[in-house]
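By written order: A, B and C. Residues from 1 in each chain.
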Amino acid sequence: MLEIKGLKVDLEEEEKSILKGVDLTVGAGEVHAIMGPNGSGKSTLSYVLSGKDGYEVTAGSATLDGADLLDMEPEERAAAGLFLAFQYPVEIPGVGNMTFLRTAVNAQRKARGQDELSAGDFLKEVRARAKDLKIDAEMLKRPVNVGFSGGEKKRNEILQMAMLEPKMCILDETDSGLDVDAMKLVSEGVNALRSEGRSFLVITHYQRLLDHIKPDVVHIMSNGRIIKTGGPDLALEVENNGYADLLAEAE
Amino acid sequence: MTALDQVEVKEGVDQETVDAVAQLSGAYKYGWNDDDIEMDYAPKGVNPDIVSLISSKNEEPQWMLDWRQAAFTRWEGMSVPNWAMLKVADIDFQDLYYYARPKSMEVKPKSLDEVDPKLLETYKKLGIPLKEQAILAGVEGAENDLPERKVAVDAVFDSVSVGTTFQAELKKAGVIFCSISEAIREHPELVKKYLGTVVPPSDNFYATLNSAVFSDGSFVYVPPGVRCPMELSTYFRINAENTGQFERTLIIADKGSYVSYLEGCTAPKRDVAQLHAAVVEIIIEEDAEVKYSTVQNWYPGDEEGKGGIYNFVTKRADCRGARSKVMWTQVETGSAVTWKYPSCILRGDDSQGEFYSIAIANNYQQADTGTKMVHLGKRTKSRIVSKGISAGRAQNTYRGLVSMHPKAKESRNYTQCDSLLIGSQCGAHTVPYIEVKNNSSRVEHEATTSKVDDDQLFYCRSRGMDEEEAVALVVNGFCKEVLQALPMEFAMEAQALVAISLEGSVG
Amino acid sequence: MALPQFKQDATDARLDAVTVPEGAAWLTQARKDAMTRTATMGLPHRRDEYWKYTDPATLVAVDAPAAEVLDDDDAIFSDAKPLTLVFVDGVFDAAASDDLTGENLDIARLAEAGAQDIHWAKDIYGVLELAGQNPVQRPLASLNTATATDGVLIRATGPVDRPVCLRYRRKESGTDAVLHHVVRVEPGAKVTLLETGSAAARLSTVTEVSVADGGEFHHVRQQGRDHGRRMNTHTFARIGEGSVFKSFTLSLNGVLTRNDCVIEMLGDDAVAHVAGACVGDGDGFHHDDTVFITHDALRGESRQVFKKVLRNGAVGVFQGKILVKEGAQKTDGYQISQSLLLDDDSQFLAKPELEIYADDVACSHGSTSGAISEEALFYLRSRGVSEKAATNLLTLAFLAEALEEIADEGLAEDLRDRLAGWLDRHAG
């Protein structure tokens, strides 16, 4: 599904190398977790994959089902099935959440050559999905993320994921700023979306999210590289011993 | 926890304010006149002869006289600007003295201890730190007793500078701090290079008049890489009657240097309005920084609006070099009329300008003040925080310009101007001009006008403060952001001034 | 005081070229007086402080500069089934217009009613315009009072359910149209006035609105999209106790637009809202909103909400003022002007003023200018929305606050759709 090879990335504004050769393959239906200390390049990876400005890819490739992601505009990547749940979802005053969702859903359908959803079908779909995530009608009416609590913002991200039905979902520190109940709710939302054809890349600093979203593979990232890959046990090891030992080992 | 901690007055008001307010009583406290100081006047009125006379009194070279005469010729063809929201009686520019100096200064004192004790007495009454007076009076060893924080003072009495302290120590650091008349004689190459380059002689009616007749003022040059070892300060005093004061200040901060400059002003109570038309020019080179703080407490006139200083001042800083910085802070409590817009030309890339202002107008005072932020360089930043307080029958106007030129890419401005009204017969006005000519720059302007919050006043009073104390407290809270920008010594004085200026504004 | 020579010359040239139409004695007198004050004031010039940001030269010039005729969108406002009056190049088209009758409505044309010896409009025509000349002179308005050839006189005597719509059409490429409307809303009455279209190469309108105690006046207009057209409009309103005045303007295109709105709030508890959304695309597009609201009574509420989206060298101007007179306590005044600059060539020039002589007030104004938020744009694109569509969505969101000022949701929706469609076709 997702194949990253030798990816090297610099900051555009200053001469600083963030990713120093990342190799990663996520198969269809798999859930991978990337863990690592702050500043290891986890979020940069998610931004580069989704096409945010400000980064320069100096080497390597990233493909989704064989299609070159790095060559696409952000919206083309989304249409190709890539979805990023942001760590800090942006607030957009004046744009209603419903309008936003409908525009996004129809834009992607159009790009895939499907008919636009009728207003009625769309509404039915949103309401059903929103209910699962305990998102009330009031929240749907408000402008995108404006005045949302941390938990509401993250649930809203998952709602978008549910509506857009991507193949490849990247969750960037989705657990940050969530209390236990909110994390459970979000995790349930994610787990409900797990399927054979859909893969996940869960980026997190802590192991606790992985109690709820069980990964197949865990990668440890440090200083712009993946330094160790293992099974779910690797996450527990980090939880118990911290990153220090792993980092020392990698040296 | 004290009761005050729980008060939801504007944040940041503290016990010090209350104490400072309590200590001070009476109206304008700088209002005496020292008429027994013998003065030397030039004849009333202005003409080329007077211009020549001023120049010769200051023993100026020919080029300076030519510069003045050219300005005078231009001024004759100009008319009084009328765009400000000010009602000013016509000024008879021929009925003023343009030059007055204490007789004792006729022969320049060779050292500070030759300064007339009566002058020193005046400065003592003004509350200029006693240590400086000791130095002004030349007390031996006084410099050694000073605490760590030093302030060098240049005192300007009517038309002339009477003495500058700490010359020796400043000289050691390479800093030149002297009267501008001295600078014209001693450092003509610097004066020639910079004078009139920020405020050209043709700039505006009052600046042009100043260019022709300025009598004295301060001069500062901080050489490259030097951090001025102490605060520099000028105290201006208008004493003589019917006298216009036209001082000229020129500050040059060379590459990578830093200086903080304080300016204080007072004048005696006189029934007849007096004119003050100063020009301040600041040049800031690459990586240099200048802080300029003013506490303007010219005599504001009496409760009926009689007398007071007409204050028409042109102040401008030119951030010429990349990453240069200027910060204007002003507390304007005095003068019958204030017309003043300390401005920043942000020419160098990444240069920064800040303007913090408190303007208080009580009784019949009128203030029209603000700033101009002209963004020319890339990534330049400016910030304007203006607090206007109107009481009595006063009119207080904020007037400002924020201009983003097409080449000033990725620049930023933030402006906050708040007005507070105390009493139903005063006025508060806001006249901002915003000109944005590129889209990568962001400009934000906010302004509010409101009255002193009754709930806050009541809360303070229920804790035992009388109404005036309560108002002073709340107003000081309203001004806190600006007061905090002042150097410490000034901040205390300014806080007390806020209270005094508002006396009689309630009840 | 004598006018400066350049002003005198420009004024003489224009006034020599205009004709004062015939009418009944009251109207002729009003026109003559207006002509006199126009000559005294002189026509505006760039050097006047009030025209600092907009050059009035082409509005003052003797001849209207030619402007290509564009087929205008006639469908707008049709859902509201309004009583429609059509003016073609400033001339009334009876065949295309509805009958001038309606419930609680007294409606007539200036060209006809102005010939009657007695008419209610006498108390308003030129009177509110004259009052609006102080403290700022508006000579283009008095020139209109003197020379307007037609217009509509509307008197609401009770609630008028059917909006009155003025449709301006064009056939000629180089004509002037000068129209002067008068609206009188009686106590407790209510009426909605709609305006749409490009009336002429150069249009001048003055609308004088008197709203009595408890009355309501709603005004929604869409200014014609012909690229080369020029217009200056003046609205003078005087509103009474507990009354409501709401005006919204959508401007797309047009090489020059200057909308002056002057409101005097004379009765307690009155409400006045003025709002505008403008989208300017292209070099030469110049759009100026100038608003002057005077609070002269207790507990007045006023709002000014103006949003401008500018690209390709377009210039947006906002001059807004809240004047609170002595004694106008408990005034609530709000003013916001914002611009979204879609590229580096566009400009936003603003002078948002407060002049306040009463202490128990809460007045505020805000003004911002900047580019579209990169963060928001990326967020939308990461959800699959194209850059163009995302830009349009954010542009509409930016304008939304102004459109929300329209009380009638149907009309608001109508304008919103049109705006979205227009952006869709033109942007990117």
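Throughout what follows, a residue touches a chain if its C-beta (ideal position, glycine included) is under 8 Å from a C-beta of that chain, and two chains touch if they have at least 3 such contacts.
This structure is a prediction, so every number in the text was calculated from the model and none was measured.
**Q** Work out the mean Cα position per chain and let me know which chain is farthest from subunit B.
**A** Between subunit B and the rest, the longest centre separation is with A.
**Q** Out of every possible chain pairing, which has the most C-beta contacts?
**A** Here the largest contact count links B-C.
**Q** Distance from the CA centroid of subunit B to that of subunit C, rounded to the nearest Å?
**A** The mean C-alpha positions of subunit B and subunit C differ by 44 Å.
**Q** Could you work out how far the Cα centre of subunit A sits from that of subunit C, in whole Å?
**A** 49
**Q** Using CA atom averages as chain centres, what separation in Å is found between subunit A and subunit B?
**A** 57
**Q** Given the complex with subunit C, which residues does subunit B contribute to the contact?
**A** 83, 85, 404, 406, 409, 419, 421-451
**Q** Contact residues on subunit C for subunit A in the complex?
**A** Within the complex, subunit C contacts subunit A at residues 373-376, 378-387, 389-390, 393-394, 396-398, 400-401.
**Q** Any idea which subunit C residues touch subunit B in the complex?
**A** 49, 326-327, 329, 339, 341-344, 346-371
**Q** What part of subunit A is in contact with subunit C in the complex they form?
**A** Of all residues in subunit A, those touching subunit C are 50-53, 73-75, 77-79, 83-84, 86, 89-90, 92-95, 99-100, 103-104, 107-108, 111, 143, 160, 164.
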